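Okay, so subunit A shows up in both of these, paired with subunit B first and subunit C after.
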Partner chain A sequence: MTEAEKSIWIKMAEIDRRIIYWALFLLLAVPFIHPLMLPVSISETTKSLYDFIEGLGPDDIVVIGIQSGVSAWPECLPGLVAVTKHLVSRGVKIIVWGFYTDVDMTMNAIKARVPQLKWPDEEVGPGDYKYGEDWVYVGLIAGGEPSVAALADDLHAVIKADYFGTPIDQIPLLSKVKGAKDIALVITSDTGDYGWYYVRQWNSRYGTPIAEVGIAMIYSEFIPYYRAGQVVGLLKGCRGGAEYETLIKSPGEGIQRMDALNVSHLLTIFFIIIGNIGYFATRKYRR
Partner chain B sequence: MAAAWRRPEIFIFIVGVVMGISWLGYFFYLPELDATVKLMQTWAVGIATFALVLGFLSAARIHLYYIRRRTPGMWPFSAWLFFFTAVATIAGLYSETTGFYAWQFKWVYTPLGATLYATTGFYICSAAYRAFRARSLEAGILLVAGILVMLGNCTIGEVLWKDIPTINEWLQLYGQAPFIRSIMVTAALGLILYALRVMAGIERGYLGALGAGGGGG
Partner chain C sequence: MPYPTEPLEILGAWVGALLTIFIYSYILWRENYAFRWAEHTYIASTFAVAIVQAIRLIRTNIVAPLMEGDIRYIVPIILGLMFYTLPFRRYRWISRYTVSFLIGIGFGVTVRGALSADIVKQILSSVTAPTGGTAMDWFNFIWVSLGFVFIVSYFTFTVEHKGWYYFPTKIGRYILMLGLGVYFGNTVQFRMAMLSGRVQYLLRVFKIIPWP
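Presenting the complex of A and B:
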């Protein structure tokens, strides 16, 4: 092998990271110019969550726990919005709370995308969700797993008022709920440990079904709980959000973001293959 | 007198009793203990909330050190941290839904958080290029599985090969689940044993300097 040929293989095995960064940056612009909008197949765990919510109705109360920050919006927000839209279409009552300090931002983002959710001072039209009766926003709850456990035992011991300071006994929806036994489903969106807290404290002790709408990284770790029936459905990050949007026939940011995911994944696989070709071609010269 | 109340046995006893009552309350419904368990949970919520303050004080101690010592390359950022903490705290005390507090959350915190998260994509692409080399048979299997999962996570995978979603789903639901399960069960058993050792006073690492004199064997 000539020196020139050797250097090509070495270059393939040792591409400067700046080239990778620029290639990714430039290729991510392609979907903006020409959206790919490829069809999304539905995974079992997403369909399972969809089917479970299809079985709920106006007599059921669901908790949405927001434990993912604004930095996780690209992965978690599409799924959260799609699931909320589905719950609203089924007339299910919703209680929203969160354990992250930026939960208000995520709540506002969901509300901007699900216009049926109305604040107390907003006019309620047909099909809208009236605050206090159809849905409630509690706001930030501090305290980690002890708080999750306390909420399961006695909601009223932890929550004294909603986000607006209205005492809990003046909120019809919250006054109906004593603890985990009154909740039909907990949908937890998290990037860390809170999903496990709900499995341990809500499902293991009270049998409350749990659903995880989190980042793709923790999807695999919840599969054993899904297989055991403790978790009724999982959305895998942005892809899960896109799948759920397809199921509820309401395309949104999840499907839009799949284009960026396609480009970045393909480019990563391309560089991995190039790197391995270069590695194998130069392996004998490293020995 | 000071030495008597700082004896580690006192704290070990308190921890043991609290853990024992919590354990009983978790696994059994005992009406006699129910009120005590609920009270302890309420206290735990309050103590966990104080952890937020403790976290800030720990960070403040470190950054004050940098400022006092004028550590090159560090102290301006530490000073900026204190300045912005004060500004955000005053703004939040004044109004948490309007004004500067809401503005800085919407126009500073949110874009910065999203940007930070987005930049990890670039690092991961570069790191995957460098790390995913089939140096051995096991590394090669990991490489192939990783590529299949990546193709399964994006919609273009099924355009390239229609069976990619099926393979990806099998790998996630059945291929890796037994191993994740075994790791989780093993870790859980380890945690149970650790908790029993803490309750029995054998494990004293959580006491810090107070428990440095004994145990942990």
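Presenting the complex of A and C:
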């Protein structure tokens, strides 16, 4: 078939990818400039995590495990920030660590958005989280599943000092914790397999509740664990973050990004329909 | 947070924006110098961060306890150093002891938790009827339990998929495809979220929307 014979149907089936990308890029920009404020419905899995954290208080200690890198910020950061804000509002003690080398950058990003978390050299005001007593940042921990398992058994055997090099026995919050049994909830943010490590080594062996704040693909894989009661809640990427922001009434980057996501999904569906119409209309030519 | 005011912060924001554009130039013009430069810069900076983190980790978790007299830490140091014989053909066998050690520990630890978490509890959850649930709970239960049986039948290769056994395997295949479709849909959401994050960042750097 020559170029001249190409009908409108063929053009529909063979849209130049550059057109698709430019359309996508421009359409994604529009909702950021003029927010559409489309409604965000709350999923059962998000509500479940919210309810669980509502049941926690100042005597409880929660671990936030960051196993999602900087590249996953658009997906995971809104959820992590919203959950941290909720924990702070409940007065829950927080221990943060991560297994990805860029965990420090993610910690800084969370801290910039949750100003109540104070570093050791910062002044602490009313409602703020004092470092070492209300929250601790351990920093990077090396190793895969064996490390996660060892943390559950004996935290002190794995962590020798916090991010600032302060020995663990000199940190009041960490000296209270022996292992998984002392933790009320593990919130794991993943782009990879670490969420399963926590389920296998913390929940399965010690019964520690687990919640996942991961990318959207992780959500599908964690649904069976949620149904089986092995995970108390799930946030589905950026959407989960937006839902959680709605629940805690603190709109943030998740809600801002939802409009763009909705528009991009509509565009994707539009191009799928166009491409399929073109494909079926031109099938006889192709034969 | 206001827009960066320090010269270095402004420079950082603009470098980020330019690198984003360079990386996305691949979409429009395939492999090009700008894309390659940005890609190499990304790899180099990631490697640099990893090295700094590794040094900090070794200092805190290995060197510090060793200096305090805990000689047990010599064992992991020796095992770790043995791993570096890997590039040398003549001494490569030494690294195999470290590898076997890692595989042994990794396998043992994983199996310990996996039997309960990934197999027993998952099967129980799939075949246990809800107690006093809603109609949707019952629908989910029937869908999941039947889907579970059909998909397992699809992966049974000791019996040929024909005769009466053809239909459950066929249904199992369709359910599997449905699941993969959902998974792919979530993948699209993930990729779109990444792109929207970059678009948002560019708009912020160009002062079209406020800095977070």
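To be clear about the criterion, the second predicted complex is superposed on the first by the 281 of 287 C-alpha atoms of A that agree within 3 Å, B and C clash if a C-alpha of one lies under 4 Å from a C-alpha of the other, contacts with A are read in each partner's own complex, and residues count from 1 in each chain.
Here is the rule we use: a residue touches a chain if its C-beta (ideal position, glycine included) is under 8 Å from a C-beta of that chain, and two chains touch if they have at least 3 such contacts.
What you see is a predicted model, and the numbers here were worked out from it, not measured in a lab.
Of the two partner chains, subunit C is the only one that A:112 touches; subunit B does not reach it.
Using the contact criterion defined above for the overlaid structures, shared-chain residue A:216 touches subunit B and also reaches subunit C. Looking at the shared chain after the overlay, A:33 reaches subunit C, while subunit B stays out of its contact range. In the overlay built on the shared chain, the residue A:230 is in contact with subunit C alone; subunit B does not reach it. Of the two partner chains, both subunit B and subunit C are touched by A:24.
By the document's definition of touching, of the two partners only subunit B reaches A:157; subunit C does not. In the superposition on chain A, A:277 makes contact with neither subunit B nor subunit C. Comparing the two interfaces of subunit A, the one with subunit B and the one with subunit C have residues 17, 21, 24-25, 71-74, 102, 104, 142, 144, 146, 149, 205, 216, 219-221, 224, 227, 236-237, 239, 261, 264-265, 268 in common.
Interface residues of subunit C, counted against subunit A in their complex, comprise 1, 27-28, 46, 49-50, 53-54, 56-57, 60-61, 64-65, 105-106, 109-110, 112-114, 116-118, 121-122, 124-126, 140, 144, 179, 182-183, 186-190, 192-200, 203, 208-209, 212.
Looking at the complex, you find that subunit B touches subunit A at residues 26, 37-38, 41-42, 44-46, 48-49, 52, 105-106, 109-110, 113-114, 116-118, 121-122, 124-126, 128-130, 132-135, 143, 147, 150-151, 153-159, 165, 169, 172-173, 176-177, 180-181, 184.
Subunit A contributes residues 15, 17, 20-21, 24-25, 36, 38-41, 43-45, 69-74, 102, 104-105, 142-144, 146-147, 149-150, 153-154, 157-158, 205, 216, 219-221, 223-224, 226-227, 236-237, 239, 242, 258, 261-262, 264-269, 271-272, 274-276, 279-280 to its touches with subunit B in the complex. Residues of subunit A that touch subunit C in their complex: 17-18, 21, 24-25, 28-29, 32-33, 71-75, 101-102, 104, 112-113, 139-140, 142, 144-146, 149, 160-161, 165, 196, 199-201, 203-205, 215-217, 219-221, 224-225, 227-230, 236-239, 253, 256-257, 260-261, 264-265, 268.
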